[in-house]
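One chain, chain A, links the two complexes that follow: it is found with chain B in the first and with chain C in the second.
Let's turn to the complex of A and B:
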């Protein structure tokens, strides 16, 4: 019942807000923030009590292959923590940020459904529910991207809608193939049936490209990235933080890992595809980010690049590589959502996102400046910030796997990362000759400042507390990867 | 006969995909997405098909039933793709109000 709360609570709050909006159309922020805070504290509680085990909730008491179940294992728990951390902080941020938009309650209702969908995907125990929650995420984010109702918002939203729907259909087609072979929709049951069958059925080999295509579209790996640089910058800043920090990871990377590692079993070819897709994404994203002049657009391309690191880590195929990838999921969620909040604050204070028109903001917006420093250092991988450790572990895993050339190229890619974040810092915050451009701006309101400070401390804390993070969160999650299709045997007995 | 319907469900999916990729008019793109959805639905119906089987209703002398599970899934996918279509059409109305055109090759506010 405890894990069902993660899905039920946001939906109940959203329904309350739908009724409450008729009485008072202005509020809703506090209820939303309280909901996310409860979810965050529950997920932190679970971090300490789960301890590498599993938790299963059967709806209505029906056992798994017949009934529907929710499953929580260590990897789900890592994602659950990331989701609820980022959603809690971004809801805190949006209490003040959303004040210059109309129909605020609708914003919070959509966000609550987004959170419910995200929690649902990582907890879903059967593949059809996973698909349904993916659709909930998709619809909520389509609407949230179009929330500003401007020309750009509508265009970005319709592009994302078209591409996202195609991705969903591909995933659904793949699910059909899996079902036609195994006759089951329960993840653990499918995994068990595939594990016990003597030879690989060809229909499963046919299902894998469909699922890979669909999830890569959702994760914005490079050949399928076209929607991301439009969709993420045009959304309101807290939504951008959610989209870049959590949504692409949950609907893309979590799907890939859960389906391919735990259910169908992973082959060396598939690992190589992930490795090189990640590698291309890293360089493509970083080069494209260098040529942008829109603050949030640089960050969106940077997201493509950082997702590439995670895919690369998974594609190495060793426990060290998985640990690096998982750590990078955590770190990227912290620093990229913080960076989007910084971009939102700059937009809030000055009214523009074009970095050519900005400059010398370090004195006018000290808190924002400090937050941007913290996230930049984590993004560039400077010790002792969190980003250093995850990138270091990925490099180490590459060297240990014997891929020396690749590891040298990845080290060179850090220079590109350094270049685009220095471009942001130099043009937006430092460049002193432009300091008279905005004489009357003030530091952003309290809730936005508080949210940025919490996330900045988180970026530093993930680095300083690295041994504990590794011990409490990462280690047990790596076992899910290494166990592979043993997942079915573990879960189906519970 | 069975193989032919499998192939046709694929063909329908690919026709829809072709329509989405090639056409510029937003309404035609949305129609393409619906065609893709129908292709997937047809595939699910074919999964549950068995020759000489009857509808999954328990009768005394019947032995061979079709699989009821995909039939139960199809309404869900239809609802989801219907919702997607409505959201897309609503967005297209807003886009038309702003740009006075539905040609995606002319709607280019976002670059880079």
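Let's turn to the complex of A and C:
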């Protein structure tokens, strides 16, 4: 029942808000924040009590292959923590940020559904519910991207809808193939059936590219990335933080790992595809980010690049690589959502996102500036911030796997990251010629500042507390990867 | 708690306290740096200390090791930090952040010296790079570009170093810095060696990576120059270089060609930086070039890979730190009193600032290698090592390097004569005569006096003090010097010579003094009415045929590796974003135009870009299908 709360609570809050909006159209922020805070504290609690084990909830008491179940293992828990951390902080940030938009309550209702969908995907124990929750995420984010109602917002949202629907369609196709072969929708059950069958069915081989295509589209791997640089910058800042920090990971990476590692099993070809797609994404994203002039667009391209690191880590196929990738999921969620919040604050204070028109904000927006420093240093992989350790472990894993050339190139890519973050720092915060441009701006409101400070401390804390993070969160999640299709046997007994 | 941890934690904590309680920063800085100095002397007397604590898995322990060389480096960094905080304490309008950065930097740098695990080492090393960025950043209005550039160069070298460490770990299977010395020459070592060297060279500011020091000399304050590029970064870079040669890559049959390449870099650094030093018009920039040339001598000595050469390099490093900090601080004093460091505007300061004059004179004589100061002795060891190397290898290149290095000595002398002449001799400029310049506050001349005194002591008593207590323990070996040079004896002779000269002067033995017109190089005396500016000293060199175009290009920044790297990165990013994307967009527009004529519906619905996206996604899907279902 405890794990069902993660899905139920946001939906109940959303329903309450729908009714409450008729009475008071202003409120909603506090209810949403409280909901996310409860979810966050529950996930932190689970971090300490789960201890590498599993937790299963059967709906209506019906056992797994027949009934519907929710499954929580260490990898889901890591994702659950990331989701609820980022959503809690970004909802805190929205309390004041959303005040310059209309119909605020609808914003929070949509966000609650988004959170419910995210929690649902990582907890779903059967492949069809996974698909349903993916669609909930997708529809909530379509609406949230278009929330500004500008021409640009609408265009980006429609693009995202078309491409997202194609992705969903292919995932659905893949699920159909799997179902046609195994006759089951339960993940653990499918895994067991595939594991026990003597020879690999051709239909499953055919299902894999469909699923991979769908999830890669949602994870914005190059060449499936094109929707992301339009969609993420146009959304309101807290939504961008959610989209870049969590949504692409949950609907993309989580799907890939859960379906391929736990259910169908990975082939060396698949790992290589992930490795090289990640590698291309890193460079493509970084080069493209270097060329942009829109603050949030730089960050969006940077997300493509950073997702590349995660894919690369997974694609190495060794426990060390998985550990690096998982750590980078955590770190990227922290620093990228923080960076989008910073961009939102700059936008809020000055009214522009064009970095050519900004400058010298370090004195006027001191908290925002400090937050940007924290996230930049983590992004660029500078110790003792979190980003350093995850990238470092990925490099270690690459070298240990004997891919020396690749590791040299990856280290060079750090320099590109350094370049675009220095570009932002230099043009937005430090350049002093433009300091007279915005004489009357003030530091952003209280809740936005608080949210940024919390996330900035998180960025640093993930680095300083790296050994404990590794011990408590990462190590047990790595087992999910290494166990592979053993997943079925573990889960179906519970 | 181990005593070594205090060396790291104490300054960092003091820095954090100073950050919170800003009023206490000055006094805290003086006290803590002094305490660290005392502590390092105590540790020096104790010999080797080890400390290790389990930290992470994967062989990453928090282990520290104090051995003579590292403790001497700690000693020097604490000494310089102490002197510079003393120098800063009474300066008006000083930003409190300097003290905080000095404190935190001291702790971090001590961490680098004491680390006995490569991961700990690189952690501290990178934080030191960030502090360098911040220190340059607080310099002035335009310092951000310089700071960014420094961070790029240092950041690049740090990434190289990181990769080198990982490769070394791959070869050796350990992150422990002390256990790594059993590498056999047959192992694949060239790549990690090169990467390590890049890390060390960039930090020291050697030739392809030297540009950040020059730019910093323009924008950063003189105190930061004296502390970081002048002293601490040299210590860090040479410390790493020495450990590369004596421990990490110690081979019985060292590849001689590698030595030659590094020696070539050293020699080029010496000659190019000094040729450029001759024509600078800014005091700080001239000193920066001279300090870069010093790094060239160190590299030349160490890369001979002989005990003598490494000893010479270390000796030269310690001497260079003393005189480079001294010169930068003197320049700071002059800047504070006169408001400029342009040598054309200075002159005749010897009368008003006698202490600064004498200290700067001593430092310049040391840097020029005039006996009996420390510069002479250290260069002498380096020359000896080159001669020894020639005897063993019979490579004529070595002799060439030796000749160039000796010629470099002359160029240093020329540059220092120029700066001494143009700042202290000649007539005081009119605008300064009205201002009643006077000698600066004692807290500002005391540090430079101590530094110049150390220059004298370490030179005159080289055998008794420097070699015995600093160099021999560092290398754990007894140096055998060929040739005969007793600095103390020589000093006595020099002093006797001076005394005789003074006696002759006082007794006016030479009665018949011939008086003539001032010789004006055959030019019209009117030109020199306002005095002869020091910047014109070596004008004939920069105007000479082969040099003229080279000098001109250098001013345009053509040798700046940073500029080249930046433009190529720009090129690539434009290529990716513009060319490839645009090209495919154009390609697709043709296809799209055909589609539009068939069905206007698709294009009227959405601008057309969406179809490009979907097209590419589907191409990707085809590739996936091919790869996975072959």
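In this section, the second predicted complex is superposed on the first by the 494 of 494 C-alpha atoms of A that agree within 3 Å, B and C clash if a C-alpha of one lies under 4 Å from a C-alpha of the other, contacts with A are read in each partner's own complex, and residues count from 1 in each chain.
Note that in this section a contact is a pair of C-beta atoms (placed from the backbone, for glycine too) under 8 Å apart; a residue touches a chain by one contact, two chains touch by 3 or more.
Here the structure is a predicted model, which is why all the values come from computation and not from measurement.
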| item | value |
| --- | --- |
| Dominant toucher of chain A (residue count), chain B or chain C | C |
| Touched partner set for A:418, first chain B, second chain C, both or neither | second |
| Touched partner set for A:206, first chain B, second chain C, both or neither | second |
| Partner chain in contact with A:290 - chain B first, chain C second, else both or neither | second |
| Which superposed partner A:22 touches (first chain B, second chain C, both, neither) | neither |
| Chain B versus chain C as contact partner of A:166, first or second or both or neither | both |
| Which of chain B and chain C A:128 touches, first, second, both or neither | first |
| Which of chain B and chain C A:270 touches, first, second, both or neither | second |
| Touched partner set for A:158, first chain B, second chain C, both or neither | both |
| Touching both chain B and chain C, residues of chain A | 155, 158, 162, 166, 291-292 |
| In the complex with chain C, residue positions of chain A that touch it | 155, 158-159, 162-163, 166, 170, 205-206, 208-209, 212-213, 216-217, 223-224, 226-227, 267, 269-270, 273, 284, 287-288, 290-292, 320, 377, 382-384, 388, 392, 395-396, 399-400, 404, 407-408, 411-412, 414-416, 418-419, 422, 426, 430-432, 466-467, 470 |
| Interface residues, chain B side, partner chain A - complex | 13, 17, 20, 26, 29, 33, 36-37, 40, 43-44, 47, 67, 69-70, 73, 76-77, 80-81, 83-84, 87-88, 91-92, 94-95, 98-99, 107, 109-110, 112 |
| Residue ranges of chain C touching chain A (in the complex, touch as defined) | 55-58, 122-123, 126-127, 130, 137, 141, 144-145, 148, 151-152, 155-156, 159-160, 162-163, 166-167, 169-170, 569-570, 572-574, 576-578, 606-607, 609-610, 612-614, 616-617, 619-621, 624-625, 627-629 |
| Chain A residues within the chain B interface of the complex | 128, 132, 135, 139, 142-143, 146, 149, 151-152, 154-158, 161-162, 165-166, 168-169, 172-173, 176, 179-180, 183, 185, 229-230, 234, 291-294, 297 |
